Structure formats: structure tokens, C-alpha cells
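Before I ask anything, here is the structure I am working with.
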Amino acid sequence: MSAATIRIQEADFDIAQEIAALTKGRSDVGAVVTFSGICRGSENGEPIAALTLEHYPEMAEAEIKRHTDEAMSRWPLTGLTVVHRVGRITPGENIVLVLAASAHRQAAFQAAEFLMDYLKANAPFWKREESQNGASWIEARGHDDAAAARWTKS
Amino acid sequence: MSAATIRIQEADFDIAQEIAALTKGRSDVGAVVTFSGICRGSENGEPIAALTLEHYPEMAEAEIKRHTDEAMSRWPLTGLTVVHRVGRITPGENIVLVLAASAHRQAAFQAAEFLMDYLKANAPFWKREESQNGASWIEARGHDDAAAARWTKS
Amino acid sequence: MKVKYFAWVRERIGIAEEMVEPPTSVRTVDDLIGWLSTRGETYAYAFEKPKVIRAAIDHTHVKPDAMISGAREIAFFPPMTGG
Amino acid sequence: MKVKYFAWVRERIGIAEEMVEPPTSVRTVDDLIGWLSTRGETYAYAFEKPKVIRAAIDHTHVKPDAMISGAREIAFFPPMTGG
């Protein structure tokens, strides 16, 4: 496959359009897995008004590319797309999209899970939540580190 | 969650519309995983002109429901949709859609994989392929049985 | 009882469903396959490799040793290839 | 070298980036955190729990014992919460 598509943007994304970009006019794709991460209306039981996503632009691009390259070398993919939004996002809105296409389903599922585990634990993005009590930075969760670690080759 | 949505139909499906049905107007969904299975243009290296999907209607509905019920009891899902097409399908067209929504990503990924493994190995659907050599029934693959068996509770 | 056939089992036998009344000595799914096989060449061809054939009683997968008494609908088909 | 701060590290220090020239005795990321901490209250607050702080040199994650010589850009930030 050609290089993965990576976009970091404030704008929302359109899943149907992203799927079409990886499948239209070709007949070697048998499986497409999409993961969309959506802003929930509460965090640890407390209602939130919005999230603001900060990131480290140069590093985020480079780091995500390193991981899409790794996914492409580990699984026989026909296409791979990562879109990560930044800026202010309200409950119900999309945050992130990972899309993996392959001839068979296992590769597509594995690659999408691998990239999501990576993005959660190691991509340089930080979420700040706005609630009734003001704004505060969301703390990282230990089980996201554990989820990311299971892909490390020993 | 309310019951899963299960549809067996000749018509194509619209992934964006199916996602909207599980997410619109709610703020408890943090993760949506979709799997789409697409008709490839070749099977074991031989080009094919089309697939025809036959099914056992009463059993297919009942069996898929048994498995969506199981998925809902095993993982904390906020929504679950299975759409399986039947009839004649040409390369590049959609065959099947599984969509799982949850507060967190692991449940959504696991439920979608579980249902796809089930549908591949145990749902009463049969694919016949049309190629230059005429029509023939696609043979089941042993590794689909193995994939389905890994979900069996011991 | 009603018997249904799918995919190449249906194609080989040439019909999709029929009503049958096997003798009382036919107690299991395996027995029924054996009895159906004696009904003609098309049946013998469809069931020539009985181990490949899958069966369902009243819309639930069953093993070859499942008892058929009380069944309303028994279906025979090849391994499934959906998804 | 250029130093960048993100999320609450940035908020506590009050600036997003700056140029610094640490003495030659500052050799590792850990040394740099120690040196930066002495530059004022806001720095001391940002780095009060050095074990929580993550670092990257030239856009690559590094451990606290990584050498900083030759680095063009060093970033400090809390554990990541993307995705």
C-alpha cells in the first residue's frame, strides 16, 4: 500500500468519505474496520461541558507516522487512515478516527486496535475538561499504558 | 441498552446512518467500532464476477439474536447493530456490517470481533461464487472455526 | 416433519424442502441422514460425505447424535460461509 | 537549545517555549529538569513531581537518563491523554 493518511485538524471528519477514499474503485479490500472516539458528557461521573485538546504538532505527526509505518509492516493492510481532532470539542462530537482496510478481517481489527492503544497512551495530545468546577487536565489511566504495552515485541 | 438491531436484507447499507442511529442525541457513547465486509474481486487468486448469498431466514434471525444477546451480556455496550446482505453481490459491494458502541473502546472492539467471528463460522449463510469456470460454493475455512472457538467460555 | 436443504445440499437433492415421515427406528440426526440417503441417487449424492453435513433442529445447531423426536423442522446444509 | 512545555507543565510555567543555555554540568534530561526547577517558583511548581514528567528530544520520547547534548528541541509534558 502507499503511505497512510494522517491528519490532525480542528474540523470534524466524515467516516463515509474516509471509507470511500480507501475502497472506491478497488476490489482487493475485503474488510474495513473503523474506530471513532467520541466526547462523552461525563468523566468519572461528573458532567462536563467540553474538552479542549492540546497537542505537540511536529511530534504528533512524526510519532503517528512511526506507528502507522509499524502497523503497515506488521499487518497486510490495503489502507490506513488516522484523523485526530484538536481544539474545543463538546459532548457527542467526534475526537479521533482510525480506519484500517485489508483483504481479511483479522489484520484490519488488529491494526485499528494497535493504533488506538498507541494514540491513547503515547501520542502527544492532552485533554483538558471544562466542568462546573472550572477547567482541569484529564489524568492518564494506567490501563491505557498496559493496553499499549501488549503490542511490544519481546 | 435496548435490544440490538438485526437486519437481513438485499439492499446495501449506509454506515454513517447506522452510526448516527446509535449515537445521535446521546452523550454516553465514547467509542464506536464498525466492521464492514466487502466482496473482493478474487477468491484464492481466481477472479470472480459476483457472489450470491443464500441464507436460512428463520434460523439466521434467531441465531444472530442469540449472539447479539450474548455480546450485550458480556460487554457493557450502549448499542449493537448487525446488517447482513443476501442475494447477488458484485466485487466492491458491501456484504456485512457489524457496529458496536460503548463508553470505552475495549468493549466495542471485542464485541465487534466476537460477532464477526461468529457470523463467519456459524451463521447460516452460504456464498456461491461466479467465475469464468461457472458457479461454485465457497468452502468454509478451518481458521474461521478456530477464530469463533476462542470466544467459548471454558 | 419438515426437512429443509440449503446451498449445495439443496442443489444436489433438487428441492428446498419437503415433508417426510421416517420410520420410528430413525431416532437421531445421523439416522435421518442415513434414511434420506436411501431415497434416491440425488439424496445419496448430497449425503455422500455425512461428516461434512451440518444440521439444525428447529433453528438451532445440533450434533449428529441429537434426537429428532418432537422436531418440527430439521435442516441440512454445508459448513457456513457467511460474514 | 529550545525547550517546549505542554498542558499543565506549560500552564504552571506560564510560557509555551523558550531558549535556554544550561551549564555543561547539565548532561541528562533529569539534570535539565533539576536545573530548570531552580529558575523560579513557577518552574519549581511545574517540576515538583519529576517522576510524572515525560520528555521528548527532537520529537522522540526519551527516558530521564537520556543525554541532552546535541538536542535542538526538548519538550516536557504530563502523561499523554489523546485518542
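Each chain gets a letter, A, B, C and D, in the order it is written, and its residues are counted from 1.
Keep in mind that, in the parts below, contacts are C-beta pairs under 8 Å (C-beta built on N, C-alpha and C of every residue); 3 or more make two chains touch, one makes a residue touch a chain.
Computed from a predicted model, the values in this text were never measured in an experiment.
Graph distance from subunit B to subunit D, where chains that touch are one step apart, equals 2. Mean C-alpha position of subunit A lies 48 Å from that of subunit C.
Here the spacing of subunit A and subunit B, counted between their Cα centres, is 23 Å.
Averaged Cα coordinates give subunit C a centre that lies 72 Å from the centre of subunit D. Averaging C-alpha coordinates per chain places the centre of subunit B 26 Å away from that of subunit C. Residue positions of subunit A touching 2 or more other chains, listed in rising order: 37, 116, 120. Pairwise chain contacts in this structure: A-B, A-D, B-C.
Within the complex formed with subunit D, the subunit A residues making contact are 37, 53-56, 58-59, 62-63, 84, 95-96, 116, 119-128, 137-140, 144.
Contact residues on subunit C toward subunit B in their complex (touch as defined above): 4, 6-8, 56, 59-61, 75, 77-83.
Subunit A makes touch with subunit B in their complex at residues 14-16, 19, 23, 25-42, 91-92, 103, 105-106, 108-109, 112-113, 116, 120, 147.
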